[in-house]
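Two complexes come next, and they have one chain in common, chain A, joined by chain B in the first and chain C in the second.
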Partner chain A sequence: MVAKKGNKGGMGGEDAEEELTRVPLQAILLADSFATLFRPITLERPKVLLPLVNAPMIDYTLAWLESAGVDEVFVFCCAHSKQVIDYLENSKWFGQPNFSVTTIESYNSTSAGDALRLIYEKHVIRGDFILVTGDTVSNMPLTQALKEHKERRRKDSNAVMTMVIKQSKSSPITHQSRLGTEELFMAIDPETKQLLYYEDKAAALKGTISLDKALLMDNSSISLHNDKQDCYIDICSPEVLSLFTDNFDYQHLRRHFVKGLLVDDIMGYKIFTHEIHSSYAARIDNYRSYDTISKDIIQRWTYPLVPDVQFFGNSVTKLERQGMYRASDVELSRSAKIGPFTVIGSGTKIGNYTEVSNSVIGEGCVIGSDVSIDGCYIWDKVTIEDGCKLKHAIVCDGVIMKSGAVLEAGVVLSFKVIIGSRFVVPAYSKVSLLQQPVKQDSDEELEYADNSSGNIEIATLSNAAEKLEEELRTELSDSQIQSVSEVGNGGAGFIWSVSEGGHDEEWRHSVAPIPMDRLVEIIKNATDELDISNEDGNILPPSGELEPDSVNDSDEDVRDDSVQFEKEVEATFLRAVNENVKEDHVILEVNSLRLSYNLAATDCAGALFYAMMKLALDAPHGSPGELVKNVAAVITKWNKLLKYYLPSIDEEIEVILKFEEMCLESTKEYSTLFVQILHLLYDKDILEEDAILNWASEKEEADESDKLLLKQAEKFIQWLNEASEEEE
Partner chain B sequence: MDFQVVVLAGGFSKTLVPLVSKDVPKALLPVANRPVLSYVLELLEQNDLKNAIVVVEGESAALLISSWISSTFVDRLNVEVTAVPEDVGTAGALRAIDHRLTARDILVVSGDLVTEILPGAVAAAHRRHDAVVTAMFCSVPVSGPSDSGSSGAKDKAKKTGRYNIVGLDPTKQFLLHIAAGAEVEKDIRVQKSILRAVGQMEIRADLMDAHMYAFKRSVLQDVLNQKETFQSLRRDVLPYLVRTQLRSELLLNGVQSDENGNGKDALQNSKILLSQLLKNASTPSFHEIYALGPAGSAPILRRTHKCCVYIANKSKYCARLNSLQAFSDINRDVVGDANHLSGYTFSAQNNIIHPSAILGSKTTVGPQCMLGEGSEMGDKCSVKKSVIGRHCRIGSNVKIVNSVVMNHVTIGDGCSIQGSIICSNVQLQERAVLKDCQVGAGFVITSGSEYKGESLAKKEKQ
Partner chain C sequence: MPDVQSMVNEFVIKLKKRKVEGSKSTAKLTAELLRSFISQQRLPHSNQAGALIDAVKAVGEKLIAANPVELAVGNVVRRVLHIIREEDLSLTTAAVGGLSLAAESDDENDTEQDDHPVLSATAVAAAARNALRPPSLQTLLEDIPHSAVAPPTSSSGGDSEGKSKSADKNSMTRKLKHNVIEAVNELIQEISTCHEQIAEQAVEHIHHNEVILTLGSSRTVMEFLCAAKEKKRSFRVFVAEGAPRYQGHAFAKELAGRGLQTTVITDSAVFAMISRVNMVIVGAHAVMANGGVIAPVGLNMVALAAQRHAVPFVVLAGVHKLCPLYPHNPEVLLNELKSPSELLDFGEFSDCLDVGSGTGSPLLHVVNPAFDYVPPNLVNLFITDTGGHNPSYIYRLIADYYSADDLVVRRKSAS
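Then we have the complex of A and B:
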């Protein structure tokens, strides 16, 4: 098999590596996408088991891994783990001679990061491994990519990952690829193929990409790509797992891990890309990619993973003219018209004058007469009565559509839904027997909300779902059916309302093609957007008229940072005051702030001092005298904290400068009290006399306007001078 | 060819003090003993671009330059010298001669360019794509300003600072993004819209803007008139055109439809465009595809224009005389590695000694040197990698290394000159030692004095 070829090639080349190549090639298959895009279907069945052209998705992935020479696959199951494990145990995947499948079950993983951390703890991965999700359809050979990866590793142990990418230009209008994924911007070194920049979530309104200038210092040339698609097939080194463990906040493979590595220049880990040209690789991420990939399979781009070739899990169908696949025992009426690019599963009956085109129909379906089906995915054991019309819809197992029902474009009917007679299901609606979960306001939800992985929710929900389902089953058998009338007379199911603001996006991920009016609208918006981004010329330096602006701008960036930092320190400090947080904790928090803003220790001293003075100022005070008392109180109380940040004279000078700045700019109340407070600080041992004298001598050379406070402090400084002389 | 050439010769550049003086504007600084401007003019002559306007900043400089041109290029080129006020910038200079521009396309060349890249190639690239602007870029010169002496490779930030950051399409024909390295603060910001249209962009930091541009005249004039604040071609006009290429504000299509006879509505126009594309059967550039809008939708005519690049072959020499360092480098290169540019025939020793020059006994002139007409050298002198001008009087035991000595310079016995530039009429008294200095015209260096890394010049009398 391919695996052996690959190994042999490796061994022949280098004896030293013999040890390494003997390690069987391992793969981690995440049988959970940690996303909610396939709801409501995924409430009842895990995504990897959803049929894709009449075979579960996971079979495509496993079949590809096997043919590509992988020896060991670890299937990580989380949501509906029982179903996945049951399926695999009953499938032919267990007990293959050269291909072992092991399941790893988890109940509380909420992200790919959690999954990889768990796998790390199990110590099952021994060498480079392939990381894929269970919804990948591919026929790419791994040999070449693996070889490149290993070669890079030998030269540079920091090359931890190779990402597979493929040419696919996303539409400039909708900003999404044909797979329905967000447009992706990447910067790649054209020579080494190192990934330098990755942006998949359109950092929306910004019409520009910002590349760090430093990138150009190391590479004189960079390729920016908008025409590539991420296949979500990664060849990883074992370090990847430990990196996830080290960075416990990494959740999402791309958004956190890849970006984290690209941003982090301390460890110097590198990610490389491998572009495939002739083979197929894609991931089913949403309904649109489900549609696209199904069509690709029917049109045989994924050969040998096509309906008429037997791989595990699918039943053979026969390819007829015009890309029509038909199982042997289909009962087809003579008057039925079956259009091109259609798959019909075994045991399905199709009635008179029914028209089917560009659709996939599963096994054991009963389709009546005068039905029109276009661009639909109808799974197993579906009953469609006479006169129904379906267009660009997904219909899950066991659905019953009563006569004359109509599905408009983009509808998804989940398991066992019953659509009442002559009921028209509006476009893009999702119908399920389960009620739509009420938004939970738990912290976790919020935290992962933007990762679109409300997994905790899934876990709890699916339990609830199972209960509900049972209830429903019992209820449905009774006369209850009538009461559920949301989907027409005699129907069963709830129409899920689309979350607010989401409706606009619904078309993006739907199986239905993007409607024309939508396109026109977007084009208009796009042109407007263009104009806006151009009017806002700041983001497009350097242009002559804007040059002064843009210079200021970047100055402000830096300033903004430190202002932001000051604010955060102030907030931290105030919280410490109000909640009696211990000094050690404040120090810890301020330090972490400092690191995240990349500022110096002196900035901390300044910011803290600023916060304290602000606190004193905000405390009620009638006269300047009281204000000084306030200051004294605050300073005394937090003496230790402030002292911690004043290890040397530099920081003390910074504090004086900060104070001066406050007096002159933000808080003028202090300007008359400058000397008094300076003296106070001296008395409290916050400032040493050297610092004050240094500051004074530094200021000597400043402009007259700057010397205002220095003059105020003249006497005090003189006194300090004399005192130090006396000491001598 | 319907090309009009504009040579921007500058004036008395401040960055080149003390080399320039009120007698020697920048364009007349000698490179291998002839004015730098002659390199550009000869290049134009070779390309049969015989009509040129030389734009000079300042009346007095214009006078000097025009008298030199008329004496040298009489009967060879049809050159007009025009003076514009000082500090108007390159765009301002073009604005000032706006009424003189009549040809369909304008080729703008910087007068301080020393290169062998043919302007005809740039013009051809421009015409091929019917571009509004074509800019020439060359690889960073190998022996150019990058690796000489002081800066070295240690300061990487400076390295990128000096060159342009250029975005190209995969075919390397279109300019998608441009920013001067020095003006980019931290991040390189690339418009997503253009990246979407093209799909792939290559960002290069190893290219240098050679300051040779071809413009469509109507567009250039429009931009100059509409954007009155634009001062510089490189910093304002070019980036503006690049930035707006998919959202053209220019009346381009208007112009085109005028050319096609009469104004047509957008739909017809796009049909024409489409049919033209089909007729040519060539792969349309992304501009045309973008202009047509997405397939299947109602055609929305988007106005685009094309910005092209001509990227010179790596082996071609290309440098601009815009700094003191560049002056030394170019002089060294033109008598050294790039000596085919100088127009002289080199001797077997790989140097040029004018027949009228007189050398004392035991005086050696090494390879990659030049000794001008009528110069005299005393005994036991040594000249290495240097250019010496006309009618210089050089004493005995003088060492000149890596330097440029202009005309009528007197050098006393025992002087040592290293890495320096000595302007005309300078007098070096005995045993003066100069290292990495620039000495302005007419300056007198007293005997025995030593200077290192200084710029010496007479106080200008106003």
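Then we have the complex of A and C:
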């Protein structure tokens, strides 16, 4: 019945305006983060169903939407969609008065962009809607933000989106240490609150951000913020959906959509911000923010979404002294020490002399004696035998830790893993019953990348997961007999290897606090960065993990690219020679290569020239004289092709430089023939005399070692000079 | 039935999400909900009172569990239970006739005793107290409508009183339900008019040129003060702002708008100002059976200051705020810890709340309790709709309004 109404709201204008007043408030909840930061846990259970302080994340989001006055929620499920739908059907969210929850299932969406395109096709959104992900925890009231949004829309139909932001103290480390994200820069018009610039990968930019000059010309004032936090709560107009459909390459909400809109000034769509002050909003992006937000919930910043208020379906929990939340039927030994800010779920038993602090323990866990648990998240039905030690770890459902096992900081144990007795799980390792997929993507890349590959992989894996699990179950009995598995005597599970180079990055997104030395490093880097920007950037960048894309790296990247490009061009050229491909086709191919490697036209000329010289060199030759002949032959044959890429002097100079480089580095054979070939090229009209003269004058200032070839060519250049003078 | 069930569920959700706040509105909504619940309840032919009590208890348990901090819910549920018992008692006694009053009431209690053998002792004790207690003003007042209603029943069933009891029951069922609903209506009326009832007594307590101190905001206090003003009393009011919600600001504004001399002070200035104050008048969240008060945070401090300077500390409380429980039980004294964002801005302090560095636990904790407990020895006077009472007299009021059987609503229905 919803679909019949159509999507008139998408047209904008007065019609939409009237409609806005009477349509129920709708929300789209993406129950899939399209990221892999929570692997290996998310291979077996969708992220939105992971317990956050003993209630699934999606319950927080739905409870908030409900209390904020949303009438209709569309839950978009992709990965593990069955589990999400099953959960929602069994929970009471369906059939609530005045709050309808509808699920939209998809099997092949790989990004938020795909999801929104699919929802657009369904024609269910009729007016302004709230766009959130299923891992948002908030208690903000929406009325004010909605009112502002609608008012702006009335004045300007191009104001398609309002983004909720929150102040967050700008210290060099808080972005990293609170939410595990990089620093976020935003430029906002202080009067209209329009968002003008958005950059969430600021660290890669080395402390400098570049703003479009037009921004400063068009706006009377701009305030630049690095102390804002993006809550990932957006109030969108229906146009947003059609925009996603129009721009089918938009995948990521922020990186593509927001930045795309900000850059695109043809359509003139605008994004505004709404800052919240007293209320709470945050999104769980990675293990670090999972930790932070759990603690914020325990500290009651999210009131009324706290454990002792039954906001939805969570079991009755009482808040006792010092922020200790205890469910009604917990069996606690008298000698057990339960520290402040802990949550203990119902049916859990805790043995003698066990110490628990700053942790969340789920339902139905059995914890033995002399266990020490600090800063851990232990989910449901976990068994921890005597004498185990856990520090800053996440332990999923059904895990068994045999006596004396130790988890070092930052460990993640996925579902039903068994840790052998006295086994020490090294810091930051992730253990799962499922084997690590062969293809390894760096976590960070995937989070932000288009990650089409990553998600398909998940889908297939999750199907395979059940089978695998069963196999493992049967194997499990065998593994008892098996002497030593990967996780200790009698254990079951595979330790996932961290991606190469990623080991240093693990601490960023782990639940464990950042180690002291790292902190010092971050602070040092941050202050160094400041120095750089102050002192004109002439100092070498400090080395360290914080800048994965430091200047050196990016230079290398570019070089890598161009080497790759040269090889490709060479191959293309050789094919052309061998298979007699037409010149036009070669040009076409080289051009497409150039585009795909994003290089300049000058590079083409250089590469092509290089390929030709290589060809000449590879042809059989006895003496330098024959080599020159070879070169002459090749050049004459492909004269037109090369000429095509030499439209101006710049390219010609590039060719000379390239040739020089070859003589000095790769193909020493040419070094003695430099002048001869230069002359040849001049004769064949490939190089103009201006180009050669320019090159020579440029080289005049170079080091002595570089002048080797210049000296060789001295006479030739002199002759050129004289020739030109004569002409005059 | 499903209709009323969904109403109950809706209200439970509202309570759970803390969407209904303030004891008066909660009490009123609870009473209205129970009224419609009772009116739609079908009763069996025998022992309707017991069935009705069980049904109300089942709902009451849900409501109380939804927000255990809001004691008004439990109070109203217990009041309604008490009403059912009283009505039942008066009906049966009327039916049996005035002569065998004591015996029949025992008999009725015996049937109840069969239903709930666990509480037999208390039931007997309650019955004994019912029978033995000297008629208080309240019971005398309540009895008048009962006797007025009773005669038709006795006349209809009078001729064959013992034998045709079952036939009689039918009319009695309707009678009982009708009477209970009438009485619940009275209760709702009483809750909604408690402000006026209390305010009427204002002139007896506030005198010329006095200085009154209050903290935070309370509708009852507002009506009370304004009633005194209308009676041409001239006095000054000090309003402590009531951090962290600062409801005192709005309260002072409204007082000034109504033409009262008002001064706003910070909470921390209360002790400095108390020597100039003639009387402290405050509202309450709940009044416990021992005369202790659960009140908005900050009031314990005010009460201590008042005691130090021998300033009368007066608490205004509608009868629905009387809670028959004692505050020894930690479950009763549950405090509501609100969001710390009322105290300070999350953004400004987010660097102190950092868990990602150091030991993993934040160094800054913010605690924002909603309530204080003021012990009975700090309170000089309670003013309820029935008049002024000493803290030590509260237990007596509670005996008037609640039946001892209903004190534990939850455990009993579970057993």
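The rule we apply is simple: the second predicted complex is superposed on the first by the 470 of 728 C-alpha atoms of A that agree within 3 Å, B and C clash if a C-alpha of one lies under 4 Å from a C-alpha of the other, contacts with A are read in each partner's own complex, and residues count from 1 in each chain.
In the analysis below, contacts are C-beta pairs under 8 Å (C-beta built on N, C-alpha and C of every residue); 3 or more make two chains touch, one makes a residue touch a chain.
Please read all numbers here as calculations on a predicted model, not as lab measurements.
Within the superposed three-chain model, A:N226 lies in touch with chain B and out of touch with chain C [touch as defined at top].
Of the two partner chains placed by superposition, only chain C is touched by A:G180; chain B is not.
In the superposition on chain A, A:S414 makes contact with neither chain B nor chain C.
In the overlay built on the shared chain, the residue A:R300 is in contact with chain C alone; chain B does not reach it.
Of the two partner chains placed by superposition, only chain B is touched by A:M217; chain C is not. Of the two partner chains placed by the overlay, only chain C lies in contact with A:H392; chain B stays clear of it. In the superposition on chain A, A:P190 makes contact with chain B only, while chain C stays out of contact range. Contacts of A:Q26 after superposition on the shared chain: neither chain B nor chain C is touched. Shared-chain residue A:N54: touches no atom of chain B or chain C.
On chain A, the patch touched by chain B and the patch touched by chain C overlap at residues 169, 171, 173, 227, 519. Note for the complex: chain A touches chain C at residues 63, 67, 96-97, 139, 166-169, 171, 173-174, 176-178, 180, 227, 229, 277-280, 288, 291-292, 295-296, 299-304, 309-311, 316, 318-319, 323, 341, 357-358, 374-375, 392, 512-514, 519.
Chain contact summary for the complex, chain A toward chain B: residues 169-173, 175, 183, 185, 187, 190, 206-213, 215-217, 219-227, 516, 519-520, 523, 527, 530-531, 533-534, 539-545, 547, 551, 554, 557.
In the complex of the two chains, the chain B residues touching chain A come out as 156-157, 159-160, 165, 167, 179-181, 183-193, 195-206, 227, 229-232, 235-236, 239-240, 243-244, 246-247, 290, 293-294, 296-298, 300, 302.
Listing the residues of chain C that touch chain A in their complex gives 6, 9-10, 13, 16-19, 65-66, 331, 334, 337-342, 345-351, 353-362, 365-366, 368.
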